[in-house]
Structure formats: structure tokens, C-alpha cells
Amino acid sequence: MKIAMLTSGGDCPGLNAVIRAAVLRGDRTYEDEFVGFLDGWRGAIDDAVVPVPRRRVRGLARLGGTILGTSRANPFHDDGDGVALVRETMERHEIDAIIAIGGDGTLYTANRLATQGIPVVGVPKTVDNDLAATDYTFGFDTAVEIATESLDRLRMTGESHHRCMVAEVMGRSVGWIALHSGMASGAHVICIPEFPLSIDEICDYVQQTWDRKRAPLVVVAEGFTPRDAPPGFRDYELDEFGRPRLGGIAQTLAPIIEERVGIETRATVLGHIQRGGEPTGYDRVLATRFGMAAVDLVHRQGAGRMVALRGTAIVDVPLTEAIDNPKRVTRDRWDEAVTLFG
Amino acid sequence: MKIAMLTSGGDCPGLNAVIRAAVLRGDRTYEDEFVGFLDGWRGAIDDAVVPVPRRRVRGLARLGGTILGTSRANPFHDDGDGVALVRETMERHEIDAIIAIGGDGTLYTANRLATQGIPVVGVPKTVDNDLAATDYTFGFDTAVEIATESLDRLRMTGESHHRCMVAEVMGRSVGWIALHSGMASGAHVICIPEFPLSIDEICDYVQQTWDRKRAPLVVVAEGFTPRDAPPGFRDYELDEFGRPRLGGIAQTLAPIIEERVGIETRATVLGHIQRGGEPTGYDRVLATRFGMAAVDLVHRQGAGRMVALRGTAIVDVPLTEAIDNPKRVTRDRWDEAVTLFG
Amino acid sequence: MKIAMLTSGGDCPGLNAVIRAAVLRGDRTYEDEFVGFLDGWRGAIDDAVVPVPRRRVRGLARLGGTILGTSRANPFHDDGDGVALVRETMERHEIDAIIAIGGDGTLYTANRLATQGIPVVGVPKTVDNDLAATDYTFGFDTAVEIATESLDRLRMTGESHHRCMVAEVMGRSVGWIALHSGMASGAHVICIPEFPLSIDEICDYVQQTWDRKRAPLVVVAEGFTPRDAPPGFRDYELDEFGRPRLGGIAQTLAPIIEERVGIETRATVLGHIQRGGEPTGYDRVLATRFGMAAVDLVHRQGAGRMVALRGTAIVDVPLTEAIDNPKRVTRDRWDEAVTLFG
Amino acid sequence: MKIAMLTSGGDCPGLNAVIRAAVLRGDRTYEDEFVGFLDGWRGAIDDAVVPVPRRRVRGLARLGGTILGTSRANPFHDDGDGVALVRETMERHEIDAIIAIGGDGTLYTANRLATQGIPVVGVPKTVDNDLAATDYTFGFDTAVEIATESLDRLRMTGESHHRCMVAEVMGRSVGWIALHSGMASGAHVICIPEFPLSIDEICDYVQQTWDRKRAPLVVVAEGFTPRDAPPGFRDYELDEFGRPRLGGIAQTLAPIIEERVGIETRATVLGHIQRGGEPTGYDRVLATRFGMAAVDLVHRQGAGRMVALRGTAIVDVPLTEAIDNPKRVTRDRWDEAVTLFG
């Protein structure tokens, strides 16, 4: 078979490991041939197709980024003929199936294409860990590791200066990275969108920590808003062009804490360093297993399905499970974390 | 309640994170008091008991090693009165329950004590990932990460020198660390005890890799013996005192590969650096959750049981599940890996 | 002798290594006794003095932060009687000499005290590398290493997304961290205060990089202002309380580059993670040598002098050399860097 | 000009950064053209020459290993006509000058060629830091950093198990890596070839450490032999083929310490992981500056000379300075270290 791969949406450590494993599996087990669509669906629409022979994937297990590039292009956004263009690209190159590697948006698109008869299988990708269809995906572990190392450093600086440190980590709609990196680094408060603390509660935990002669470390998911935020609390975050500004919620919370608790307080935004760079061993193994399983799935006629992790096993599930099915931090994981606050 | 903790067996990143989380959970949720037995069961037998108040566990989430020390002492090895001594120590200090953190040997001892009426709960610990009772435990992820980073380095050196590199990683009876770190680093052959390759097969993979102009990287679990090893193949590994020598199987394989394939070949033994040092974020989170769950288990009258990971959930299972129930690399995980060889 | 140590000014990896080495040297070579002033000069003024026996410095070589705490207190800012209070504290504790570890401000204070007869020797500390009196100090290497790793990650993300990445690193008045981390990570433009590029020049380099199908990486020292900045260019950086805002120059440059060059552009501020955490091996060795040399200097009656690195040798120089003598990036180091731009 | 580069001798982090910087400097400043000799002098002798255009050096600043390969070939070992072959290769490709990147052997060869009229300039390379002609070279800092991280881990494991840990690091004839990594990790004894301790002295330091309730960490340079070693002490280290065995001196010392001091003792050999992998920021900057300076040196008609670091400046010196001029650990650096023992 001739299989096309694409990576779509935000960068995520492990994308190249998926690509490499798929090519090795297909080459050795099925004698498949591989190509890549450049920059996600854009390559499928615009006929930007490159061969991906086995020698091209050498050393890719550990390489961050994606050799295929990525974008947020979408065949259904192009006045309706995007799907026809994808079909034409496939015919022109005699492509038998597509492996789409991406998050919920990408998998939603993959599913729509599959229902229209285009043989697409999915590989889930989410740094934020917000897909309920799989226990974990690659990228999350790396992001947690980088965030944890950075929080370790901030905590030491806070202790030396007797300061409160507020650190903003990724997570627009879910708090998994904040929960895990905060728990790993011994944070004294963790603020996540799913269970929004009030400003009073945050300041109480900071005060308790301070009373024990410790320098408070507050970890905040970027999508967090305090329960008692007044209207317009986050409005400042858009600049005059309506684009999100750097330094959203951490920058807002820090002066509030400083004023209410009376401790010098500093904000840090970890930002893009969390999603770039080399994947951890965990993420490389998971991405490699996903890549191999995706090729097996193609050969099992798995159009409309995606690979997923359940416990320690790689399984496959309908793409629809990835859609409108966000994985939020659960009540018991939250209660577990709260025990460690203050 | 007054709860005693102990760490027993080999060092493992995350032990201190378990201790810290147990104390925080017990202190805040149940008003428990904590002590530690020093150096594993030895402290319980010899009445070496130290208080572990909350302020003692500050900053422990990231600290490698164990503040309680460890040893291989065992109350059942002391002419039979070890159990009575443990009982006396508990009475003297009014200890209500024990949290035993250790591998299969420790958990076996814990179970025997529990059947004799001593309230012990277990926390599984195994760098090697060889306990079937839990999906993973803390320490394994850190070991894989360190091994992977080291293999990345060896691979580059091998490429520069056009050499074959043979790297020995931990794993006396199971090959999990070799499997994961080998897969993560793109090794060309992985040798594990569960599915022993022959010397011919190893040399064939090395040759294939060489033929593609690549520098072969061979990862070997320390407990591996080739399928076709002649009698006495590993005898050299004991010195005159009957102790295992450094540099066992890698050192043996390297000259064999060099001679048969005709490529300059070098051996490296990663050794103890795999089990020391700071835990990864993954291991810190898992160890923290285990520590908290162990205290809950004590309060649920869980004597004779241990905490375990199933998927993403912390559950509890009988200690007997950890005994005589090693987790070996499965056939499908092995087949998956073999696809990537050569 | 009885020697007091203090750490003053911003946090810096290696402070604890200096403290440890001083104590070991003094204890073993001279039978000195050590105490610490808490939180810099504040401890000397307010009589906050703790003993620092040898067992207290165990394991400190690698520990980030400072066990003595730090602040920006200054005996000359306290209505004039601060010096008398320092003298009283010294007499009360029978302290023979002070080792002051800090940046130019601290060393200026140390020199003023020395001229008033208080026996103070200095250890230079500057993450920014802005002291001409010494080739390097501890902390700078760690900051460059952390910045370089972060820039590596940003660069990969930029490549995947075909974006320009703008990264802000430390350096209010000098560009050493930007110069070294930018050179190490292969940045396409480096913006430093000493040789300010114009906005046009920056955009030209970004454009050249883009034309070669690369994702531009721009590294900016926090204190950089473009040569052609209009009046008020950086005013936005103070909030209503007059405090510096997070995300100064990177956040300002990113939308300008995006608009002029027409490439999607993202800003990241590395912030405090650069100055916290464990020192690199380089910084630990340098800090250890400084700590030992400072004690030797005390015993050589070196009041008014400080230790310094020249080539590979530790020497001592007058404290006045550290004052009003900033080390700026030189013309030839800048020319060297410019060759690599675009 | 057309310039050929070669990398010769052992792998060393930063080789690729030299290559990249040379090409960028030559391309932009002088419009030079670059080629590479494959596998060191072998490529010059056998006419294995590849073009190295600017696009080939993309991303090389951080890549470990060497894209040109390396070997221990030598034009003067080939029955005398090697030099003629080098000359022919140069003429065939119209090569104007050679940049030879290597250790003392390579630089010795470079100098002999230069005296015979072949325009060669040198870039010093030594992981061991054993060249007196330069303060430091790239690779050493990375090796120290990797060794330090590994020693940190071993130390924690030793503490948990109440064991003595013996770690062997690189350094056949000089002890710089042992000195720096041992000092950085707080080792209790450091054994180097320049100032050989006796077995009694080593055991005394181990005993002192043990008496203070610490787990002794002994760092040994691979080339160390105790002052009082009996004849044949290290003979075991060659196998039946006369090749050096893995695990030389650490493996020998460990059981001796265990027997004499009566503490469980374990040996670890860090081996090749110290010289592979990504260079630190420090090494990347130094390698980049060397690469650029080497091209400038070519254009200044610098045949027979090499670049070197003096303090913070890049200078050039005769190649003869690198020959028969090893840089050994000095008495004062040794005395400094000894203060920290025990």
C-alpha cells in the first residue's frame, strides 16, 4: 500500500517518532510505501507531497518538532471543495490511505473525511492530555517533565528571596499539566480550569505556606480564571489586534497576591518551551508504538478509527470517541491534589 | 493513628516522594503521626525508629535516594524471633500500622507479617518493572530516561567512529528497561532474558545495520544469555569471592561481535547511575499518589494489601499478587520491538 | 578565626557551593569557625546570625539557591547607623571577618565597610557576567546552559510551525547571556544593549533567514532597546504601580516583526528559570574554588579585596575593581557574533 | 579559497559546531568554499572528499559526533607516501588549505605536514583537557557535566545503601575530568595519575568519611595507579588479545576498599557516555569561536599554527606548542582538592 502521513495542529514532542515507526513497520512488515503531506491538511489540499523513504526517518525517534511541518489548514474550511482536492491529491499519487496525526480538531476532520469514503486512520496528539479516548498521548510527559524542572528552579529562587512565585503552564481548557507538574514539584497551590479556586482561597493557601516559613509556589494553568473573577478580569489579555498577549493569568494573579498577602510575588510564563524539543523516553516509546499500530490499523481496514492507549495496551477506537469528549481533571484527582496544598 | 514507614531493597527514585506524600496525607486528613524504621526491616527488628514529622518531609518530592535508608534485612532470617522483635518495637512505640515500601521480597515479608496479625500495607517498588500486580511503579520511568539519554550519546559516538556499541542496562530477570530504552533510542538489536536471541541472530542484525552504513547500537539487559550460549558462558562474571563482576554480558558480547562481524566494537555498562538521582516528573506523581493511597489503605483496614496502578487509577490489591507473579515482557511487545531491529 | 558569611542581591546558582567550600577550607586548614548573616546585610544589621558548622554544609555543592537567604538590605541605607549596627553584631558574636558574596552593589558596600575598618573580603556574583574584575563568575554558565536548552526547544517548535520565535533572556545592561546562548543555539539575530540593532536591521535578518526557508530565532537581552526606537517605546513596561511588567522587549518586538516581515511570530520570556536551580559542573567548580580562596584571603589579611578568575587561576584584586567597572560585550565579540546572523 | 576540514582521533562534543562556524565564517566573510575529508586523514589520503556547503551545516551547533567521521589514520604511517597522496588529493580538488581538528597526535601530524609545505592550521580537541597550548578546549566541559550528573546519582544511591561507591571517569594520563567532576559532586577522594595516592591513603579517606556517617564517593581517573601498587597491579586489564578491558581501575579498587575498610563497595565505569552527545552551551560557544578563528587564521597565512583559548580571548600559537607539552594537574590545583577529601 501507499500511505500518506500528515501532522496537524500544535507542535508536540514525539511526532517524528510516530512517523519513523510507521515507516519502519510498513516497510518491513507490509512493504508499504510512504509519503508525507506537508504542513498538515494543507499538503493534502495543495498537493504538497514528499516521499518518506526509510532512510529519511533515520534518527527521528529523538528529534523534536515534525519533519512534515504543521499548520491549522482544514479541507472543510476551503469553500467546500477541499475534500475534492484531497481526493485528487490521493488519486494523483495513488495513495491508498492517510494516517492523520493530530488533536481533536484534526481527528474531527479525519472522521468527516472517513465518513465521505476517504480511508483515514488517526493518531491522537495532545500536549494538554485533553482527549478522553486515550489514557495518555505522547508529548504530555515531555511537557510535564520540562515544566517540573522549571518549577524546581523557580521554587529554589523563591526560597532564597522569600518570595511567592506564580508560574503559568500550558492548559487552555484542562489542567493536567498544571496538576502533574505542580504535584511533582511540591507546589503549594494549583489553579486549574476544572475546579476554579477563588482569589481568597488562593491567597489563603499562600498565607498558610508563608506562615510555615516557606516560599509559596503557585502553579496556574493558562486557561484558569478564579471562581470569583469580576467581569472583564481577563480582558486585558488581548492586544489591540485581538491576539492573545503573553503572560496572561500569572501576570494578573501575581500583583493581586502581592497586595493581599503582602509578600513580594513574581510571575513566570513557561510558554513554548514546554512543547518543543526532544521527547522523553516515555513519549518516544508511546509514539513509536502508536506509529506502528497505526500502520497495522490501516492494513486491518481501520478507516474511521484511531489508535489509543488503555493501561499498557495499544488498542483502536472509533475516531468519534476523540470528538466532543474532552478529558478533564476528575474530582478524585483534584481532591488528591488539594490535600497537598498550603 | 501512628504509622511506621520503611524502605527496603535496592535504591529507587521516588522513595522519598512516597514518604512525603504519606506524611502530608496522614497529617492533614487523619491527624496521623509518622515514624520511620531505619534501613528497612532492620529498624523494625533493632528498634531503630525516628520520628518523621511534617517539617521533615519538606522538599522530598524531588530528592533521590531514601531518607530512611535501606538494607536487605528480613525479620524471618533472624533465627525466627525477628517477628517478635518487630512486634515489640511496634508496642514500645505504640505503632498502629506499617507501610512497607519495597520489591517482591519486601512485599513477601510484608504479607507473611500480615498473616501473623501485624497490620502491614505495601507500596510496590521496582526499578525493573517486574511486578505483575501493578501496571508501573515509580523508578522505572527514571531508569528508562537515564538509559535513553546515555544510549543517545553512545549512538552518536558510534556513528562518528564507525563502531558497534554494546550497552548493558539493568534487568536481571526481565528486559523492560532494555526494551523501552532500546526502542526510545532507536537501538538496532535489543537482547532480553525473556526472548533470548542467539549469537548468530545478534550478529546478523549488527551486519544488516552495518550494511546500511549505520553504526550498530546493541542494548543488552544485564540478565541476558544468548540462546546458544555454551556451558560456562557467563562463569567469568563471578570473581574469586563469588561476587558478580562489573561488566558482565556487554563485555562478553562485544569481542564476539567484533570478531564475527569484523567491526570495532565497544562495551559500556550503565550500572548504578540508572537507579540513583532525582525522579522524573512521571515518577514523582506516581510515587506521590502511591504514598497518599497507602495511608488511605491503612485507614480502610487494608492490612495484607498493597497499592497499585491500573490504567490511570490507583487501586489496591492483595499483597499475594506481588508474590511469585513476575511481569515479563510479553510476546506482542517483543514482536513489536523486533520489527525495528536491524 | 570566626568568619561570617552573607549572600546578597539576586539568586545565583553556586552560592551554596561557595559557602560549603569556605567552611571546609576554614575548618580543615585553619580551624576557623563560621556563622552566617541571614538575608544578606539585613542579618548583619539586625543581628540575625546562625552558626554554620561543617555538618550544615553537607551536600551543598549542588544545591541551588542559598541557605543563608538574600535581600537587598544595605547598612548605608539605614539612616546612617547601619554600619554601627554591623559593628555591634560583629562584636557581640566575636566575628573577626566577613565574606560578602554578591554583585556590584554588594561589593560596593563591602568596600565602603572595609574603608571604615571592618574586615570584609568579597566573592563576586553575577548571573549576567557584568563584572570586569573577573573573567567569569559562577551562575553565568548555568544561566547560559538553561537558556540554550530552552532556545533549542523554541527553535524546533518554530521550524515545525514556520514561525519566527523571539526569546527574551536575562541581561538588563549587558548582553552576555544573549550572546552566548544565542551563539550556542544558532540564533539568527541577537539583540544586546551594547550594540543596539535597529528594527530595520532585525527585520532584515529575519527576512534573510526566512528566504533560506528557515524559521527565524531572535534572542533578545531584556535590556535591549532598538537603536531607532521612538520615544516611549518601552514605557508600556511599567504597570500602574511603576513595577516592571513581565514580557517586556520580546513582547514588543514580536508583533512588529510579524507585521513588517509578514511571518507569524511568537514571544517567550525565559525569566527566573535562568537563575534558579542546580549549578552546572563548571559553576560548582568555580564557586568551590572561590569559596576556598576567600578564606585564604581572609587569613592573608585581605580586607578590601575580592577573589577573581583570571584565565584558569584564582587571584585576588581590590574590591574597587568591581565598582563602576562593568564588563560589556566587546566590539570583537560582537563582530564575531554578527557573522552568524541571518 | 577552497578549504578542506577533517576531524581526527576520538569523538568529542563540539566537533560539528567547529565545522559549522568555519563554513559560516568562510562563506560570509571571505566567500570561501568548503569540503570535508572523511574519517580524518584517511579521507585526505584516499581521496574521500565531500562538499560542505552552507546548507549542510544547518543545525550543527548542537549536534554531537562529527558529520565528517573520524579515524586514527595517519599519512606518515602509510609507508611514507601518505604525504604525497595528501598532496595529490589537494591538487585534484584544488584545495588551498586544511583545517585539522584533533588532539596532540593530529596536531603533530598537522605540524609535520606544514613543515613540508602543506598549508595546515589546527583546532585543538581534547576531551581530557591535556593540551597545555590552550586554557580549555570544547568537549571537556561536556564530559565534566555528564560525569558530575552521574556522580550525583551514584552519591545518592550510596547514601541510601550505606555503601562506598567507586566511579571511574576518563583520563588516561591526566586527571582533569576526575578533578573537576569530583570537586563538583563533593567526592571524598579523587585519584589522579599526576599525584597518585597510596591504597592506604585512599582507605584512610574512605574511613574518615564513613566515621562521619557519610557514604564515601571515590572518583578515579582511568589512568590512575596507586603509588604503592605491587608489580602487575593492572595487568588483568588486558584481555587475551591485548586489548584494554572494561572496568579497569575502579573494578580493582572496589574489592580492596571493601576488604580493608569493611564497607560494601561498588564500582561504576562511566565510559563512552562522557564523550558522546550534545555539547553544553559552553562547549558550543568555544567550538564556534574556534571554527571562525581557524578560518581567519587560514586567511592570515597561518600554516603551522593553531587556534587557542587564553583567558577569554581566542589567540593563535604555533602547532609545536601542542606537541610534547601535556597539561597536567598542577600542585596547587591538587592541594586545593585535597582540602576537600575525607
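Order as written gives the chain letters A, B, C and D; numbering starts at 1 within each chain.
One rule holds for everything that comes next: contacts are C-beta pairs under 8 Å (C-beta built on N, C-alpha and C of every residue); 3 or more make two chains touch, one makes a residue touch a chain.
Note that this is a predicted model, so its numbers are computed, not measured.
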{"item": "Distance-maximising chain from chain A - centres being C-alpha averages", "value": "D"}
{"item": "Whole-Å gap between the CA centroids of chain A and chain D", "value": "40"}
{"item": "Rounded Å distance between chain A and chain C, as computed from the means of their C-alpha atoms", "value": "34"}
{"item": "Residues of chain D engaged with two or more neighbouring chains", "value": "149, 152"}
{"item": "Contact graph of the chains (line, ring, star, complete, other)", "value": "ring"}
{"item": "Chain pairs that touch, as defined at the top of this document", "value": "A-B, A-C, B-D, C-D"}
{"item": "Complex contacts: residues of chain A adjacent to chain B", "value": "20-21, 24-25, 28-29, 55, 58-59, 61-62, 135-136, 141, 144-145, 147-149, 152, 180-181, 183-186, 212, 214, 280-282, 284-285, 288-289, 292, 310-312, 336, 339-340"}
{"item": "Chain C-touching residues of chain A, taken from the complex the two chains share", "value": "7, 10-11, 15, 39, 63-66, 69-71, 146, 149-150, 152-157, 159-162, 165, 239, 241, 243, 245-247, 250-251, 255, 266-273, 275-277"}
